[in-house]
């Protein structure tokens, strides 16, 4: 487990490979973008000319790609990772995709004599950098055990959540719930503010009551009430609204195909779709508060005092 | 501030008056139900023959009544509390009602030379008993200060949230948010379970991720995963679903009249309405999980092992 | 029943009074806007200096005002219509307001020896002009009979729908349904178009199937498919989206207070709220199609050919 | 085009084959159910021992099957219709399935030298019997032309709506819209009835106003207001709620994958899911009115008088 092929060197792949290199792994990277690959080489990743070349040289293959289609093509397409990796190789997909794709790929991998786990992450770029990601891992226990040193090089909390696909399912469950809670928190704040409440006091009370949730506690959507979160920085950084939308669409598809009631999730998904259409796709998902209330109007009436940068 | 009239001796009023008596206040109680009044007398409350009689003898009047109509009638009706209380009396309504009613009553009280604050609570019967309620108080600072000893006799956290009506608005904001998060949590669990996840593991992961909220942390709706909550006891005790529905209807009305976006809150409200129609009105509001999934079917396939109390 | 006081000379009141004058009634009008009053005088309405003056001189009083608050003030405020009209006068409110206001006003009118009916209209400005409005009338049969000649001067279809308030309730039921069907039609068209269907053919099929509704048959929201409707004219004219929103809010309030399930109505209401926030408040309500799809993008790809009128 | 293989002899296939036989076509039928096949033989259909045998003998193959999985298996599975039919055969699928399946099958058929069109129907069993179905046909114009005599033997209105898959897309658009309008109509009726309106009068008014739609005009959900519809017969017959749900799920999937806004459609879909869970899956889809109001309670208060047929 010393040599790792890493396919997909984006905002997440770059810091993840840096942590792997620092932990002593040999990492062979590939990305369609030459610039991305160059950056990775800068912190010690070895350059491959193709995903296939990387896979052929590795004990473990990790993929971190944008969509299920990218993942399927990477594994099953011509010169795909299943075909080009060595027999017995451990394949690990950390993308956020539908578990139906995962299950299909894991079966194909097994049929070809490879092993596959799904290990999506939560925590975003900041925790990718600090090596404190949370991993939700699906697959056979022995494969998850084998991956443990790698997972620990990149993350802080490793949950083995079930069989193949369970990692991706867990991720979708969490993200649909976080979208619901964030959209609901935005509405509750809008309701209070429109009726004269101070959002800071309202938040303090709800944080100590049954309305408490991650948005109020650690990721507040109302500008000026919490430091170090996207709402403190014009909703830059964090988790883009269109990525949130992508995950909620996957969750909606999964709920629909498994015939699970998902009225709240469906609605939150459509609200994020409208929010993205309104021009906020690149802003952090907590910016959904703009759908529930007009922040500009609010701050026109409640100017932020002088010296503070908010 | 030694003599307190307490109007409304239900599940909340009974333990609240006990704590007042134990803190040394003289409490004169009244309730339409002779049995309720008798219970209160049993722990030291003095019996009044009418709300008016209680009010006439008191420095402070506290009301704890089921609906805004009850509250309005109690204060403004014939021989109402505003009329029969002494000039300067501090009136405190701890019911959960619409802030529009509060604002109206507070203005009438002021015009009649009385003082009024709204001080709804959260925490339910258990924390009413232990004297650890949370109070969300709206009104003038000096009146809230005067009420402080009483509030501390009954509660642990006292938030002065703004002017008259702000207490009730805060309560509604919190309760609509808790309804949204609970319904959303139910859906997320249903989605995971239908796709093969263990609800305990899924909950553990989400509790450590962006989906974290009060339902997962302290009030879990899935039977068998948490002790001491209504889901551990067939959804008995706790906060009735029809009370949750009542509060969400008040929040919906407030959002509608103040033209605030409330798509998530509206939907959650209607889901609780359907849940109540389905025969679950008296069950704790976390039983909304039954709308999202068929618990009987689940437990038929996952029998709880012998010695465990669920 | 020869002399009619008409209070409220807006887009509807102007053509309605013209038809009354042409039918031989003596009409005494009043509006806060001097310009509006001047226009009415231009087609034979007599000028009153106040609503009270008009009411005092009339056998029948008709009001056509923007909101329930306007109506309540006009009837119950200082020098209100109930007080200043003569005993026995027939009062008729044609505004679209909540039936709870109507019921209150009708009771006050009765107590003061006046008679009151509610008679909201459908059909908009075009049918107000042509005297072909539909009236939904609530009140005592004898009062509705007395109003018949007036109603026939302004409208084509007169429905006596029940007791006092029933007219306004009927109007709200219809308008919430039309909002639901319009929003639903927009989504169905968006779904088809995004999947390559020609909206004209899709509409033709649905018009002949179970999806048929008023929007497809007589008020098509997709530009270029129907002449003489707002979508053929950049959504100018017709029924403003913010008026639709106002009516849906009234319906939502009524559903909430009467504890009626209204999940679809609630959602459609919030969608119209978002649509208005997006800058389309003044456009006809069929412009809600812009929330479901990007018309500009569509027409960039499907340019309308030269000589065609769209 | 004289010999027709017909695969799937259910409630729709039986009357459709009868009409084909009566129009002079030679029909070779197959169904997994021996009883169904026996019935078809009773009106002149020739018995095949397998779908493959039927296909091998035919100029045209028509399939009428429950789900996309059935259709895919029938065409692409072992001894599938594409393989066993003769080169040049016209394949026509009249099932209601996702257009993504259709597009895949049509491509496979073309690659194998067969021709394929999708031709789902509306009108249900009654119009299947009377030969007055509506067909929404997707495919090449020449293939649709070739199918015309068959379509006319079974239907009254034939719409060629576009390329392959367009038939199924059109069907889904219509059915999601009909579900939205039916659920909305149910809510509007419930709102009126709860506020004292007579549902017959309310319906008459809305039928003449902007709320008009197929449910009010031809398929009324309120028992006792219209003859010959399922609501007049305890919601027996007609179009089962779980079939409506199935179609709305397909539409939801299509909207999700094509990124089309579908908040109203999603919600209506979930309402039908709850309705089916409540035990009404086998009742006609207009029974969704039971979700919006308690019909039993209504009729307890408004007994239907003796001689009337409801």
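To keep things simple, chains are lettered A, B, C and D as they appear, and every chain counts its residues starting from 1.
Following the convention adopted for this analysis, a contact is a pair of C-beta atoms (placed from the backbone, for glycine too) under 8 Å apart; a residue touches a chain by one contact, two chains touch by 3 or more.
Remember, predicted model here, so these are calculated numbers, not experimental data.
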Chain labels contacting chain A and also chain B: C, D
Far-end chain from chain C, centres as C-alpha averages: A
Selected interface, A-D versus B-D, where C-beta contact pairs are more numerous: A-D
Between chain D and chain C, distance of the C-alpha-averaged centres to the nearest whole Å: 37
Chain centre separation (chain B, chain D; CA means) in Å: 49
Between chain A and chain D, centroid-to-centroid distance (C-alpha), Å: 41
Residues of chain B whose C-beta touches two or more other chains: 259, 261-263, 267, 274, 291
Residue numbers on chain D that touch chain A, as the complex places them: 249, 252-253, 256-257, 259, 261-263, 266-267, 269-270, 273-274
Interface residues, chain A side, partner chain B - complex: 99, 122, 134, 136, 157, 159, 161-163, 165-166, 169-170, 172-178, 180-181, 183-185, 187-192, 194-198, 201-202, 204-206, 208-214, 217, 219, 251, 254-255, 258-265, 267-268, 271, 291-293
Complex contacts: residues of chain B adjacent to chain D: 267, 274, 277-278, 291, 294
